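There are structures below to look over.
Common to both upcoming complexes is chain A, partnered first by chain B, then by chain C.
Moving on, here comes the complex of A and B:
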């Protein structure tokens, strides 16, 4: 597998449409990303950012991780899952059981969540990969719902009564912020390098036409499996951190479809099939969610739904996707241009 | 289409900018982290305004107006050498435990509340009190069975709870079964219906044990997920076993589905005792005439004999005022508890004389007052939870002037609570 070298130049490449597309990557983009990440670490560690701002940001990082993984599956690989909450619920319960029942560190909880999610995703892949499109989407949702029902009746996890995370001492918002930031950076890097690799090329080919991709040598099963398992691991890690921040878990919340609704909303408003879409979408989603909480009951969902409808109708490529198209630029593009 | 696209992009950008501006306008900066809340004392309140628990959250705006108005009318509360008014910040939990947590965090982190109220069923009380514990914010917890809250965490350091225990509500139900003709030792068959949520599980554990101990025959079809719509298996079991009594606690949609399916299947019972969904006029009215005769526990009623030590208002005056301001609607029981929670919050600040969190917590710990729901003194312990037991009586929904009305028919546990009528067989007790 050849990992592309980040070039120290601004690229202007002829896109497939024949026009000029400015590609923002290489050393300047890398430097900008490193600077932003460093600033976020420094501001977080030195207390420049208030605890409340860190709370906003850690939610953005976690939603960014979740939606980037959903985007990797749906936007780049064509596997539209409605059941990623399976791994959030498993990770949330792993964390809670490890800390509350076995009095272990939350790090052990994260690890157990990731391992269980890896095993479950490998097993589920055998069944789910026999389906495509709508059938795959519905099947993933059914799995999550089945787990929700199972956990609601499982005495070991106190049935539907829920469980409380018992980390001792309980980590501060700053600590969770740093963990979430680190996970987000790793997740974005993994998505970027995966898409830039030979595997990534195969994935997009598979999304556009699985049969044609297979006929030119793309191993469909292996490629899908890689993306599905990677996505499950990062989704589980983000879910574990989410529940460390929330402090308690219930089957209806952990395995609830609202997690996937959030991921889909973020990717749609940000821009499906773009690296920056989930980042922008997560920022907007968290701000919307927090600000709309002040409205009387029910309005949050109505307004979020209205925004999603407007974006789907008028900006089908999402905000960033539309801007990229109109202004002819691409941020950290995974596309291959003729000069590369 | 091109113009439309640009317009939509502009619209979305404007929306986002507006929201961003709103965000920037909040006290999210470093200064907001100070303990003091400025010119007002901030009280956080997470309320189920919509969703299956919405009936419990009814009347919140009226309660806020009443308590904020009272504090304003007495010129504020003296804390840290200055008179301050109170500001009650309410967020909607949408009856969702995940949103409860998010809103409680928002209250602690963003609004920097001085105290938080955790109220209305374990589904709200447990996640909200968990955040209060995490952020070290004094928490007035109320209106959720003590067992459910005590079982959710090993230790509570900032939360002080008030409500009844499941053991107590069982005793109340046993008394109602006896009044309906099914005394302990009678061998009557009791079919139980409990969802496997926090409330249902806490009740289930005690009821399954005590029903057998008291010489009844337990018909246990097992717990089911809250939100179940098909109760065929449970109804078939009840029919096959010929149950005499139906007992449980459920959210209104669950009980509505179960009860309708039981009636459709021809299951006839001599007594129905049901918690949670049969407390409120609105929820019972939705069931229609078949709800006549249902028995339930009563935690608060305008006929209760208590007078608020803080505002001086009696239960009767409060109930009358609520009805007058809300188009003649009877004051719901949870609204009575909402009033009491805010009374306790205000009283804690008066007693503490400061907004310093440790001092407010200590004031809660030493609380000895009478609220609209009765005397409150946190002198009992269950696991890691300090709590106060509140009164409970037995009620029945009876048709009065063509309207379903909750009549208190039993006060055996707390004789100071007056009864307002006697047991009358109704539509729900067809046998």
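Moving on, here comes the complex of A and C:
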């Protein structure tokens, strides 16, 4: 079967742009990132922000974590998954079962969620890595659907009726805000350093041409496995924190395809295969979501879907990707330039 | 023994609908080389079309095909030529994501238009059964849907085999470049292929509406069945689609209401892992 090479167009464009690309990187950029992170911590700890704004921001942090991981898989490694909700559901249920059924702390819930997701992702990798392209995409979705069906008829998790998180004492919004912010910073740092490393170079080479990459010694299986498992762990942690904030879970929500809808939307409007894309996309997504919720019922997904299709048609590199190409700069590029 | 034969009969009747759900998706997969994630919503649109038209006009739902099939054919041609052909220039992944976008738009548009109420296409013979010897029985409704499914798949096979357009479609599927050199317009062929896929979705929607109740959100379930049929049968293979539909139907009947879907999904994952090219792949 022929699978058209996705990145042909991107490659030729990058080659033709020729001139110098300014990379916003190094000490000034690092300082800016640290300053923003510090400000967000201080705002959170001092209680300057109202709990409503904290709720928006913590949503942005979680979506940013989720979509950065999806971007790492799809944008940099060529594994387009439609089934990351597998790990969100598993983590959400780990949290509720640990806190409600076994009366443990929510930290134990996060840990169990991460461990289960690691194990599941290792097992699934063996099956999923036999497939490429659309087979991989739909197989990941089928796995999530199978789990949804299973949880809907599993008595231990109260079947389709769902469960309630019972952390005692229940953490305040500011506590969840700090946890989400920390996770988001770690996730972005992991993505950045992973892409900067030898592994990252191998990954992009593999995305652009798997056969050529493997012929010059990139261990495709190991690199893909690393990315897949890392994404699973961070997706699970973000899912756990999300459900700690939400308070209850049911199978159709936890394992629902709408998680993937959000991740895809965020990465596409931000810019697939860019570091900053998911950050920008998450901010826009949460704003859109809040604004669209004010519309009379049910327009949210219609508008989001339309925006996504229009962006794919007219700005195939997303907002940040297009800006970066037009103005010839890159934020935190994983590329290595001759000067380095 | 009777129980086993009854299960087999039910499985075959169910399998024919599953094959019909998958046949349009299989065509798009095989010819346009696109995973159409909106196929489930197309089927549900067909179901609403037949159900509402038969209510409004007071006719048997089967007669509404005269309207829904041509309308959905044209809609399919338009979607392919206006939208999907354009993104396909960018590669297979953006096209996949566009169909994903279409799917979520259509799902919520259906919800806005028709509310979340369950719908069902009513027919006078909905509870009639035919009694066979040895305590076996067949629901008339299931038999009618079975006949519609087989007829649709047969017509499609004959069309692909004996008409000029059918040959052009098969040629494009086998070797796009060679077909295009022989004067086949690839973009137009893709448009027609999507039109045909949507027309089969209209018929599949009728089957869904007659056999089951459906909601605006039911598309995802049928998409996964369709995808399963495509994967197990091998893309673009009509006999494969029939056999795969049958396998899925039997899995569903054996697993029952609780585990039918789970067994089908596990079967599908196993199949993807062991033989991703399908049972009947060329």
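The definition used in the following text is that the second predicted complex is superposed on the first by the 323 of 340 C-alpha atoms of A that agree within 3 Å, B and C clash if a C-alpha of one lies under 4 Å from a C-alpha of the other, contacts with A are read in each partner's own complex, and residues count from 1 in each chain.
We adopt the following convention: contacts are C-beta pairs under 8 Å (C-beta built on N, C-alpha and C of every residue); 3 or more make two chains touch, one makes a residue touch a chain.
Predicted model only: the values in this text are computed from it and were never measured.
Residue contacts after overlaying the shared chain place A:313 against chain B and chain C alike. Once the two complexes are laid over each other on the shared chain, residue contacts for A:134 go to chain C alone; chain B is not touched. In the superposed model, A:158 makes contact with chain B only, not with chain C. In the superposition on chain A, contact of A:53 is made with chain B only, not with chain C. Residue contacts after overlaying the shared chain place A:248 against chain B, while chain C stays out of touching range. When the two structures are aligned on the shared chain, A:123 is found in touch with neither chain B nor chain C.
Once the two complexes are laid over each other on the shared chain, residue contacts for A:146 go to chain C alone; chain B is not touched.
By the touch criterion defined above, A:189 lies against neither chain B nor chain C after alignment on the C-alpha atoms of chain A. Put simply, chain A uses residues 149, 153, 297-298, 300, 313 to touch chain B in one complex and chain C in the other. Of all residues in chain B, only 4-5, 7-9, 11-13, 15-16, 19-20, 22-23, 28-30, 32-33, 49-51, 54, 91-92, 94, 96-98, 101-103, 105-106, 109-110, 122-123, 126-127, 130-131, 134, 148, 151-154, 195-198, 200-202, 223, 225-227 touch chain A in the complex they form. Against chain B, the residues of chain A that register as touching in their complex are 47-48, 50-53, 55-56, 148-149, 152-153, 158-164, 166, 170, 173, 245-248, 250, 252-253, 256, 258, 269, 284, 287-288, 290-291, 293-294, 296-298, 300, 307, 310-311, 313-315, 319, 322-323. By the touch criterion stated above, chain C contacts chain A in their complex at residues 33, 35, 83, 86-94, 96-98, 100-102, 104-105, 107-109, 111-112, 220, 224, 227-228, 231, 235, 258-259, 261-262, 265-266, 268-269, 272-273, 276-277.
Against chain C, the residues of chain A that register as touching in their complex are 1-9, 74, 80, 82, 127, 130-131, 133-135, 137-139, 141-143, 145-146, 149-150, 153, 257, 261, 264, 268, 297-302, 304-306, 308-309, 312-313, 316.
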